[in-house]
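Next up: the structures, one after another.
Look at the two complexes coming up: chain A is in both, with chain B in one and chain C in the other.
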Partner chain A sequence: MAVISLQDVRKVYAGNVEAVKGVSLTIENGEFIVLVGPSGCGKSTLLRMVAGLEEITSGTVQIGGSVVNKVEPADRDIAMVFQNYALYPHMSVYDNMAYGLKNRGMDRDEIANRVRIAANKLEIAEYLDRKPRALSGGQRQRVAMGRAIVREPKAFLFDEPLSNLDAKLRVQMRLEIKKLQKSLGTTSLYVTHDQLEAMTLADRLVVLNGGVVEQIGTPIEVYEKPQSTFVASFIGSPAMNFLPVTNVGTHWRLQQGSGLRVHFDTDVNELTLGVRPEDFTIANGPQSDEALSASLLVSAVELVGAESFVHGTLGETGPEIIVRVHGKAGYVAGETLALTASYEKLHFFDTKTGKCLKVSPSRAIA
Partner chain B sequence: MRRVHFWDHLILILGSLLMLMPILYAFMTSTHDPVSIFRNGMQLSPGGHFFETYHTILTKAGGFTKEVTGVTMFWNSMILGIGFAVGKIVISMMAAYAIVYFRLPFASFFFWIIFSSLLLPLEVRILPSYEIVQSMGMMNSYAGLIIPLIASATGTFYFRQFFKSVPDELVEAARIDGAGPVKFFLDILVPLSRTMIAAIFIIMFVYGWNQYLWPTLITTDESFFTLVRGIKQITQVYAESRLPKVNEAMALSILAMLPPILVVIIFQSWFVKGLVESEK
Partner chain C sequence: MKRVQFRHSLLPYFLLIPQLSIIGLFFLWPAGEAIRASFYLEDPFGFGSTFVGMDNYIDTMSNAEYLNTAWFTLIFTVVVAFFSLSISLLLAVKADAVLHARSSYRTLLMWVYAIAPPVAGLVSLMLFDQHLGPITDLAALFGWELRLGVNGFDTAFVMSTTAIWKQIPVNFIFFLSGLQSVPKSIQEAAAIDCKSGTRRFWSVTFPLLAPTGFFLLIINITYALFDTFGIIDVLIKSEPGNNPITLVYKVYNDAFRGNDLGGSSAQSVVLMILVFILTIIQFRMIERKVHYN
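Take a look at the complex of A and B:
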């Protein structure tokens, strides 16, 4: 167990490609941090720099209070779980788990003891004599976890460990990883591109984009108060709806026929309004005194079981939006619905920078 | 379907016969005595001198100096074949390891240099090679027979391709597990390559076993004679206008064929595995 702290860590590859552009982050003792972002955002590079598999161009990485920039991966006292498991194919499950300990010169009985405890914990004790190829994907993943656990490291590093599993197994393993991490209390850094995995696993999320940290916070914070349009669109599925709004002197206008009753001081003329699909309410009548009222021309309805996604355009010609409705929605294409959203559910972003704007708490009616 | 089956089998049977007949001929002839062969030509029926002939060629000292037996030649061939195979595997594996896993300057340039040497057969460089072996005083020694030919572009190429197909994560996992370059090579890469090693072993063993020109140049001492050279010694008596011991020459040929065939049969499944699938 240890605190991992990154100070202004940068990675520049040959050819002047900057993969990580100055990331600072402190992972507290026993905390589960998830790095999430689209492919190519630098999340894996960052993890690999912590692991020591990638050289750090500048900045420092500290594990347990000491700078480890030049320390070999084996000496950093970390364990890593890879996406394709990276088990040694010619070794039995037991040997796979024991290999790192043998290399440390650990006593044979102590190794056997540790492997047995880990195997029991992961329910793979009966497979210890098998080769990895005789195991299913889920079992291989457990062995990979076992190999990490037996080392009793200061930190676990996970590099998209569930991406190769099928959807059902992924959900199951996700829960198990979470439980395991809580019971061991080991500081963990987990990389994924799957926002659902990120939301469910993390104590805190780090959303990365283009090598830059967009936002750090608890999953709920990130979901409810996204600091940029990138975060808002990346976290949540279906993604947040973005609507352009213009300042027409006395008030903000969304578009003809819709009302927006919000007031705040800014010197820009154009903003982006963000509303999550589930934050719209389908009103009974056209009149509403909610902060946002608009009409939706339905183009399609997707029924996904417990909920439905209503696709359509704002007004007749406006931007496309998606509304999430509980249960089966009985709307048909061509129908016009009245939408409202309350003030607390509206997010405003600077159109140019994508940054979140602080809306003044006073709600004005234009 | 039955028709197709019939023709398929017919073609295969004819093909097999075509390949096997000469060997059968040689074997059957080797069991007759030289006089009847001289009179009746090559034989296809078993004769009664099997044990006699084989006992003779294995134990009778022949050659000019009368001190080299079939057993000696057999061991010489064995040493050459195994020495070739093992040496080439060790050298080419290490070369491929260096090329694939280490950030060497001009690594790919070196690889292509090695690779392009495939284009040059032994015969092209046989004089300079001879000169070097001679000047190093390695004539008439096993070292002189084996070491100059131990570098293998084919082996290096195969191992390079194989190492490149080993996932990077395996190296990284090993680094985290505290395995240095030597440990990774011995603990992970060598066991992973075993099917590849088997395949290359077969190719190189047969290649080494069948060498003729190189041993002829490097060894003049008859105690270093290999089986392949021994056969020639026996048929040489033509020149001395004595009755050629065709049966013994045939027996020696059979003996010379046996180990490569056995190696192929024993390692067959590994051989195919090594060339077509890679277990990762």
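Take a look at the complex of A and C:
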């Protein structure tokens, strides 16, 4: 167990390609941090710099209070779980798990003991003599986890460990990883591009985009108070609806025929209004006192079982939006619905910078 | 099940004719001739032959000179295979770690591959020449009077050195591609599990190279046994005398210098059986040894 802290960590590849542009982050003792972002956002590079597999261009990485920038991966006392498991194909499951311990000169009995405990915990005790090729994807995943936990390291590093599993197994392993990490209390850094994995596993999420941290926070914070349009669109499925808002001198207007009863002072000229699909209410009548009222021209309805996604345009020609409705929605294409959204469900972003704008609640006007 | 059908059933055979005729003309027919001739005592001038049964085999096997040649061939093969494999593995590991200008570095290492064995022999003949050879001069500095073609050990040394040098590029290419097919993540997992690079190489990388290594071992044995003919012929200037030669060279020498077609045929049948066994071992082992998923 250890605190991992990164100060202004940068990675510049040959040819001046900047993959990580100054990331600072502190992972508390026993905390589960998930790095999430689209491919190429630098999340894996960051993880590999913590592991020591990638050189750090500038900044410092500390594990357990000491700077490890120049320390060999084997001396950092971390364990890593790779996307393709990276098991040693010529070694049995037992040897795969014992290899790191043997190289550290651990006593034979102690190794056997640790491997046995880990194997029981992961339910792979009966496969200890098998070679990795004789195991299924899920079992290999468990061996990779086992190889990490027998080491009892200061930190676990996970590099998209579930991407190679099928959907059902992924959900199951996701839960197991979470449980395991909580029971061991080992500081963990987990990289994924899957926002669902990120939301369910993380104590805190780090949303990365283009080598820059967009937001750090608990999953709920990130979901409910996204700090930028990037975070808002990346976290949540279907993604948040974005609607352009124009300044018409005295007030802000969403579009002809729709009402936006929010008034605030800002020197920003162009705003983007963000509303999550589930935050719209389909009103019974056209009149509403809510902060946002608009009409939706339905173009398609997707039934996905427990809920439905109503696709359409705002007014006749406005931007496309998606509304999430519980149960089976009986709407048909061509129908016009009245939408409302309450004030606290609205997110405002500066269109130019994409940053979230603070709107004081008292400024909502009737 | 859908069957692939040709309108004329002769077509597939027709397409195979070039390959089959080459195999027939250059392998099956001569091999058959050799097996037949090994049971006959041929008149040196081709006027007739007498069936002698196993006599040629018995004569060959009990001949001290043959046994000496076989012994030398064994040592030569082991030395050539061992050194050409280990040196090329070392070079491949080092070349794999090169980051800058790696392709030109590799090209340089593969260059020797383009040299034909007799040419390699000629190059060595000059480098190791008793009077003019620069390497002979170098050896003299260390007090070693290198006498190519005169001293049996010296000749064997030059033969082996040339054969090893000539074979390194082939092994190098295979080892390098073998190294590159070891998944990067496995190397990285090993880097986290084991601090010592040497230990990592022997416990992880080397076992993963085993299929390549085994394949190359067979290739190298075959090379040392058969393909070194050109090098040997040039180095001993077609005059074996008391110089060491390999079994294949002896087959040639006995047949075309000694005019003993029957005995030489018996020797080549023995070599054929040897190759046959090597091939079986290779197929058996390679299937079992491959680790990759």
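The definition used in the following text is that the second predicted complex is superposed on the first by the 363 of 366 C-alpha atoms of A that agree within 3 Å, B and C clash if a C-alpha of one lies under 4 Å from a C-alpha of the other, contacts with A are read in each partner's own complex, and residues count from 1 in each chain.
Basically, a contact is a pair of C-beta atoms (placed from the backbone, for glycine too) under 8 Å apart; a residue touches a chain by one contact, two chains touch by 3 or more.
What you see is a predicted model, and the numbers here were worked out from it, not measured in a lab.
Asker: Should chain B and chain C be called a clash or a fit once both complexes are overlaid on chain A?
Answerer: clash
Asker: Quick check for you: in the superposed arrangement, does A:309 touch first (chain B), second (chain C), both or neither?
Answerer: neither
Asker: Answer with first, second, both or neither: which of chain B and chain C does A:132 touch in the superposed model?
Answerer: Second partner only.
Asker: Considering only the touch criterion stated at the top, classify A:90 as touching first (chain B), second (chain C), both, or neither.
Answerer: both
Asker: Please write out, lowest number first, the residues of chain A touched by both chain B and chain C across the two complexes.
Answerer: 51-53, 72-75, 78-80, 82-84, 86-90, 99-100, 103, 133, 147.
Asker: Which residues, counting only chain A, touch chain B once they are in their complex?
Answerer: 51-53, 72-75, 78-80, 82-90, 99-100, 103-104, 133, 147
Asker: Considering the complex alone, what residue numbers of chain C touch chain A?
Answerer: 183, 185-186, 188-196, 199, 203-204, 207-208, 210, 291-293
Asker: Applying the document's contact rule, which stretches of chain A touch chain C when the two form their complex?
Answerer: 51-53, 72-76, 78-80, 82-84, 86-90, 99-100, 103, 132-133, 147
Asker: In the complex, go through chain B and note every residue touching chain A.
Answerer: 167, 169-170, 172-179, 183, 187-188, 191-192, 194, 279-280
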